[in-house]
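Next come two complexes, and both contain subunit A; in the first it sits with subunit B, in the second with subunit C.
On to the complex of A and B.
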């Protein structure tokens, strides 16, 4: 069963082609990787899936619904969550509130009820609080609950971003270079974590990453981008041997 | 008597500052047109009461509704713009309100202003209003709405990835803010008893923003304290005239350098929190 279908999508910035005619199918409960040299358009693909950019061509289907025209927040509500290449936590909210923001769209109370803080608001806020603490605990972040994200080590911030995507209970998770800036030990634990949460929450995951070991180990399918075009698609062992991929990464000498 | 007057004026301005706090403090939207909304509130209430003989409570409600509706109408085209353009356009709109009030002299009295309102608003009503508005703002601040505001202020793109409709959120903020500001204007008209188009120009709007910053972007208590100090100080030291603003300028510079989060940072003066703090320090 496919959960996400990207149908020959293109995006241009001025005259520059960021993504050209890109297609992919994401199956349910699978972990897929997107790799490619710097500037190949990997993050742009994420921005197109999540609605940060509107696409110039092509269509995107999520759970068999056409979401090409949906605004970004609607796509989140539909079940797409993401992390960011350069961490984007809300620096004026503490760790707990950063978690709560991500499930605000699930709240059932109205603005009017919120204004005068009816019991229903208090009740739901308590539920959200429990839920946020639950997910913090799940990723071992409980000790940081009341801190501001800027004061936390880099690896912890990355993990908090991950926790923040989970609280929205997504169906599709997009991880943008989750291993960037992590030391080798942290990368190993990240791999374990991704596998674990994929199984625990029945997630479909797409990972953009430069860290080849991570990609090769946990992805069942890999797409390779170069200059906005897909140059290869296949299982990790095939990608490793692919001439075009080696060429793109290493140049002629490779 | 003098002190009572000072307290009244200070409290009136505090309502205006609270309106701006939601917008500029919590959501990071800068508007130099809030003075326009004060005038709109003041004139709407005064005209409704004086020219159309509506009862005072109705006039008050009309001022609030007018503020909210105009906030909505102005928000439609402007809130999608980048924040710097929003600032410039609201500046223009505020000045337009001033020009319109001057021009529509049959209704507004033009440059002569409007006088002769009965004194319907005393200190009790102003203080109750402050308490009520503070309660609403604080309720909003500590639930979804407030979190969304801060998220939008910190990072709009990330906020939209959290399922927040950024445009709608800004719209709600702008409407509530404008309604509060217009309400403050209406109270002003029926307490000071004289209004004229030049009372609330963009400088006044700018001052409201600066006080919000000095008090602390994340603290309603801080903003109230900063506003109380500034406006009561201003009344006591009227004789030093322009030096008031020089002094404010110095304070602003000091705050920005030494306490960028504002005087109160994120602290809220809540009885519960204070008791906890005292207890912790004793241990």
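On to the complex of A and C.
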């Protein structure tokens, strides 16, 4: 069963083709990788999936629904969550509030109820609080609950971003270079974590990453981009041997 | 100045400062989210003052009902203003200067409109409180000032709770620090901005009602907003708490100075000290650094 279908999507910035005619199918409960040299358009693909950019051509289907025209927050509500290449936590909120930002926007109470604080609203606020603390605990972040994210080590900030995506109860998780800036030991624990949460929450995951070891170990399918075009698609062992890929990464003499 | 007079002016000053604080926060809420100085907040104050006057004079001669109605009216007025004059230019990606120009224009429009329609007269609110002062020996406390103080404190506390604890408050703070990313957390940015204008509008409605009740209603009542803006700047833009403290200080300073050097010299001394203060400490009393916008 496919959860996400990207159908020949293109995106141009001025005259520059960031993504050209890109198609992919993401199966449920699978971990897929997107790799490619710098500037190949990997993050642009994420931005198109999440609705940060509008696309110039093509369509995107999520759970068999056409989401091409949906605004970003609707796509998150539908079940697409992401992390960012450069961590985007809210500096002025503490760790717990950073979690709460991302949660519970599916059930929305009206302004009036908010004003008069109906019991339902109070219950909901408490549920959000419990949920936020639960996911902090799940990723071992409980001790940082009241701290500001800027004071935390880089690896912890990355993990907090991951926890924040979970609270929205996504079905599809997009990880944009989750291993960037992590030391080798942290990368190993990250791989374990991604596998664990994929199984615990039955997630479909797409990873953009430069860290080849991580990609080759945990992805069942890999798409390779170069200058906005897909040049290869296949299982890790095939990609390793693919001449076009080697050429893109290493140049002519490779 | 004798001791009683000082004490009394102190109380008056805190009451007045409470209203300045309301304005500073109403102004600061929008500045935090959209990073421009929203002079149209003065327009909300003016319209609400007239609305409160007409409601209490002709529809419900009851303080509590008209007060709540005016507060809610102000809230929806804020939402309407955002939809009419700020949202269209925001969706087109207009520069911040244009927001500033639009907000000043809106404030002028409201002022001139009321000056033409009802500017020929002063409109006093009905006397809700028959005995207007409490006497304790030599000490006289105006009931309206006490009411002003307690209402301002209550409204600010409720708002503080909403911003600190609730989902919408957290979303507001998130949008304040980064207006794009929260949409990827499932937050509808347009909705959050509407809410910011609603809360600011409620504060504007309360301010208009209190000012109208304490003084009289005239078209230029909204220009009192300049005090609120000054308080927000001294408090340190971006810090709502700083704005509250600065509002109180401003109110107290004004009241004490009026008693000491008279009403005509007071503004000169106040504004001169503000310039001096900002020369010494440009980041305001809260000491937050912020990026200067329009």
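The rule is short, and it goes like this: the second predicted complex is superposed on the first by the 250 of 254 C-alpha atoms of A that agree within 3 Å, B and C clash if a C-alpha of one lies under 4 Å from a C-alpha of the other, contacts with A are read in each partner's own complex, and residues count from 1 in each chain.
In this text, a contact is a pair of C-beta atoms (placed from the backbone, for glycine too) under 8 Å apart; a residue touches a chain by one contact, two chains touch by 3 or more.
For clarity, every value in this text was computed on a predicted model and none was experimentally measured.
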- [ ] Using the overlay on subunit A, decide if subunit B and subunit C clash or can fit next to each other.
- [x] clash
Open item on the list: With both complexes overlaid on chain A, does A:227 touch subunit B (first), subunit C (second), both or neither?
Closed with: neither
- [ ] Determine where on subunit A the residues touched by subunit B overlap those touched by subunit C, and list them.
- [x] 50-52, 71-73, 76-77, 81-82, 84, 88, 90-93, 97, 100-102, 104-105, 111, 114, 125, 164, 168
Task: For the subunit A and subunit B complex, residues of the former touching the latter - done: 50-52, 71-73, 76-77, 81-82, 84, 88-93, 97, 100-102, 104-105, 107, 109, 111, 114-117, 121, 125, 164, 168
Open item on the list: With touch defined as at the start, can you tell me which subunit A residues reach subunit C in the complex?
Closed with: 50-52, 71-73, 76-77, 81-82, 84, 88, 90-93, 97-98, 100-102, 104-106, 111, 114, 124-125, 128, 164, 168
Task: Residues of subunit C touching subunit A in the complex - done: 162, 165-168, 170-171, 173-174, 176-178, 180-189, 195, 198
TODO: Provide the residue numbers of subunit B that touch subunit A in the complex, in ascending order.
DONE: 135-136, 139-140, 142-145, 147-148, 150-151, 153-155, 157-166, 172, 217-218
